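First chain A sits with chain B, and in the next complex the same chain sits with chain C.
Presenting the complex of A and B:
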């Protein structure tokens, strides 16, 4: 009898920790999102305001701007990362003499802290002493003195670039794993059947990578949605609000303007978006599996 | 004329010599089987013919033309893989159609051709299914259909039946044989199953450690194995191989005395097939020992007797009965073939 209950007793500490660190704050923020709470005036949440915080968000231009910025950022960084990772994996999948070496090199960007990436890219794109800014200026004189991070579009481009740079290695490894699980014979059969290299990639390999690509796209989407560090260290949301992503905006509302009620509501909007994507993804994955095993 | 000639081909993986210089000619329309234990280089040899593996040195000629540097698609071959190699994201129809599509055959012709081929391998009812919805035998048929749909001049098959259960294997074997008869396409077939080799082949190339040790008709290989390795590999149950020595025209081992036509020689292995031994009551028979086991196989009984370290098996009448551990005697049948091999080199002595 005792033995049967023992596993549950052993699980209780972990359960309490999870409860205290995630479930409780989640529930607390959810409730807060229906209340008014100005941190400069009160240490505790004040009166209930119903859906006011959410309704306010729907018409507030800075929030809508951050949604749009996030959307642009997510779409471009996900598409670029997935395509680049897939291409790299196709190049790297054959075991050559440089096999280990290329893989070690490849993992380095992912090992770097996102905050550090932001800082270093800010230096590298500094128009006066940045190595990339100067290098580009030297090669293409037309690019001399371009105020990279002071231009809204360019700043967004660089933000996407840092993110793609950071995530491509990891995604490449995911692709390599997927490629390794494709039976070599399907590709060889296609070669004998007369398919060109491009046809093999698009007609034989990529269709078999569907599941892996889906996982990658969803993971990357979620990570991109909550991307925060690089905005802080690279652009600070600027110039203006041109790179102010939702996560960064929520941070500003909560910890610069101290409007906790509104910040909680915004955080739940972000959570809802991510949950929606996750649920859609699980359903896709299940139907995919059904197709494969039926 | 789709003759395949391998001339001094050699394959090294780094420093590992998988196939040392070998030559082999596969005649037009022939069903040639590469037979050997796992890891002896059969697949490697076949992949070199297919163009999926580079040749370290030597030449491969198809229809008299050197094709070393030609890509697989230009060699006019089709290949059936051990684990089928079907395209999982395509239906059976699309799988079979794919080689035709790649070769630019018009759609209407493709449709007819796929239907004809599917009928030939009895897949016509399954055309809209995906490979994952098929049994092993059906998948094998799709692989076969995909290979024959293009009517190539050479078929390469790498252990195509090894993933099937025993019963299905026998059925598919007959189908393959019939298909070869019908199409008459030069076929190279890889297997480690000697029964498959014997039943399917016009000629068998027995391989060991990358080398072809014997190349001949199944009958000849069965009757006159070139060396000890082939003798032990071909036949089921396998040939009795008894260690002993020859002195004064008699081969001797524990409980074994067989007159042979060979000069005195130490370290000799005598080989005789179970079906060429008679069970007798004669205590002066060539082979004597104690009965060790009786195994009824249906049409006959396998009788194993032991004497010291050596055991000898004979195929007896299905009705044969005796007590385990009772004395038992075996004598070679009239005209039985006695093989003698050198223990050390494995070479055939007689």
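Presenting the complex of A and C:
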């Protein structure tokens, strides 16, 4: 009797935490997203305004700009990270002391605080005394005195760079795990038949890694959509609004302008985008698995 | 000939990767030991000094209290999240209860919620309760991010433990709770250790919550970095010294779990 309820008892503490810390705030901000609430004017929420906050968003240029910035950031950082991670994993799966060393130090960028990564890249790309800015200027005279973070495109490029630097190691570990789980026989047989390395990689290894690559791409998309810290410490959204991602824009609306209703609506738009991607991801994964077992 | 060439190319590539990985970190460490005037030059020929560390730990920066906040917030978050998550992970792993798939999916899907959605209501709530700028507030919101993740990780580790010894002990009349305490948890210990350290790293590096919910008393290290941006400009040598304080403990922990890390990551993700 007691044993039958045990599975539930074990779940309860964790569930209380999850309910209180995520489900509750989610519901709260959902309701707030239909209200007007300027925190500088009133301590309590004002009246309901229906879909006004959402309708306002659809025509506000700063929001639309942040959507575009987020889109560019997500696409470039996901593609770069996934390709680099795959390449690194193929290189690092071999045995050797240098391979092991590289694998070990690879965890460091992942463990480094993203806020700190932003700060240190800002330092290194400072046109006057930044070590990378000066190093590039010395090697390529055309790059001398380039105001890296004051240029919209370059600032976005560096923002992507910090994110790729931070996440590629984690994704490489996932790839290494995936590579370890695929059988080596086909690969060895092809090698004996004299197939080239490229053919083995594209013809044999990558098709078997489809599932892992898919998981990586989706996880990275989610992480990229959430990315926030480096925007604050590297670019501050600038120059202008050229690196103002959706997450950063929501932060500004909520905690600089204290427009709680609008911030909640924007936050829910971001949530909806993420949910859409994750549902799509679960579906893809399930159909992938069916194909694998069939 | 071709063989040695590709051998050399591979080594060169590995060296290049190591440089890309280590250089930004090394540069920060070097800067932390430079005097202010050297910090703004690229010279490697400088007299190392500990002055920056002395400065950041004294008034007005008081990095000591931020270190304290970070340690307390991360430790308490781990101490609450990991035991609760371990029990839930065991239940998910071993029992086929009704609605289990849905519950597990519900927990996982919370990972896809942007942090800014979570922090908004908590900001309003803690403001109402006059609890902004407390470590308690930070611990509560950090639990939101960390708990689902740890359940997922520990479940991966428990799934990998064979059930034979558990069944044998139950036949001998041991209760389920006894089995969990005496058999499963010791076997899952490396996995739980890895998950705990992972959870510690996430909380330690957390920036958004601390930026919004703390002002002065509860400021953690990552947010503290921002305070070195002054009217006099960015004080890079002090930021670097603070950066060293943030990274050293985390790097030690990360290297400690490096081996288990790959396994924990992939077990959860691919299954």
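In this section, the second predicted complex is superposed on the first by the 277 of 294 C-alpha atoms of A that agree within 3 Å, B and C clash if a C-alpha of one lies under 4 Å from a C-alpha of the other, contacts with A are read in each partner's own complex, and residues count from 1 in each chain.
Quick note on the criterion: a residue touches a chain if its C-beta (ideal position, glycine included) is under 8 Å from a C-beta of that chain, and two chains touch if they have at least 3 such contacts.
Quick caveat: nothing in here was measured; it's all calculated off a predicted structure.
Applying the stated clash criterion after superposition on chain A shows that chain B and chain C can sit side by side.
Legend: residue contacts after superposition of the two complexes on their common chain; A:48 is shown touching neither chain B nor chain C. In the superposition on chain A, A:257 contacts neither chain B nor chain C. Put simply, more of the residues of chain A are touched by C, taking chain B and chain C as the two choices. Of the two partner chains placed around the shared chain by superposition, chain C is the only one that A:91 touches, whereas chain B remains out of contact. In the superposition on chain A, contact of A:193 is made with chain B only, not with chain C. Looking at the shared chain after the overlay, A:208 reaches chain B, while chain C stays out of its contact range. Judged by the touch definition given at the top, the superposed model places A:185 against chain B, while chain C stays out of reach. Measuring from the middle, so to speak, at the Cα centre of chain A, the directions to chain B and chain C differ by 80 degrees in steps of 10. Look at A:68: by the touch rule set out above, it reaches neither chain B nor chain C. Of all C-alpha pairs linking chain B and chain C after the chain A fit, the shortest spans 11 Å. Of the residues of chain A, not a single one touches chain B in one of the two structures and chain C in the other. On the chain A side of its complex with chain B, the touching residues are 183, 185-186, 188-195, 199, 204, 207-208, 210, 291-294.
Looking at the complex, you find that chain A touches chain C at residues 3, 6-8, 10-11, 13-15, 17-18, 20-26, 28-29, 32, 39, 43, 88, 91, 98-99, 101-117, 119-124, 128-129, 131, 134, 165, 169-170, 173-174, 176-178, 180-181, 211-212, 215, 219, 222, 225-226, 228-229, 232-233, 247, 250-251, 254-255, 260, 263-264, 267-268, 270-271, 274-275, 277-278, 282. Chain C meets chain A in the complex at residues 10-11, 13-15, 17-18, 20-22, 24-25, 27-28, 31, 39-42, 80-81, 83-85, 87-88, 90-92, 94-95, 97, 103, 105-107, 109-124, 128, 140-141, 143-144, 147-148, 151, 176-177, 201, 204-205, 207-208, 211-212, 221-223, 225-226, 234, 236, 239-240, 243, 246-247, 250-251, 253-255, 258, 261-263, 265-267, 269-270.
On the side of chain B, the complex with chain A involves touching residues 50-52, 71-73, 77-79, 81-89, 98-99, 102-103, 130, 132-133, 146, 150.
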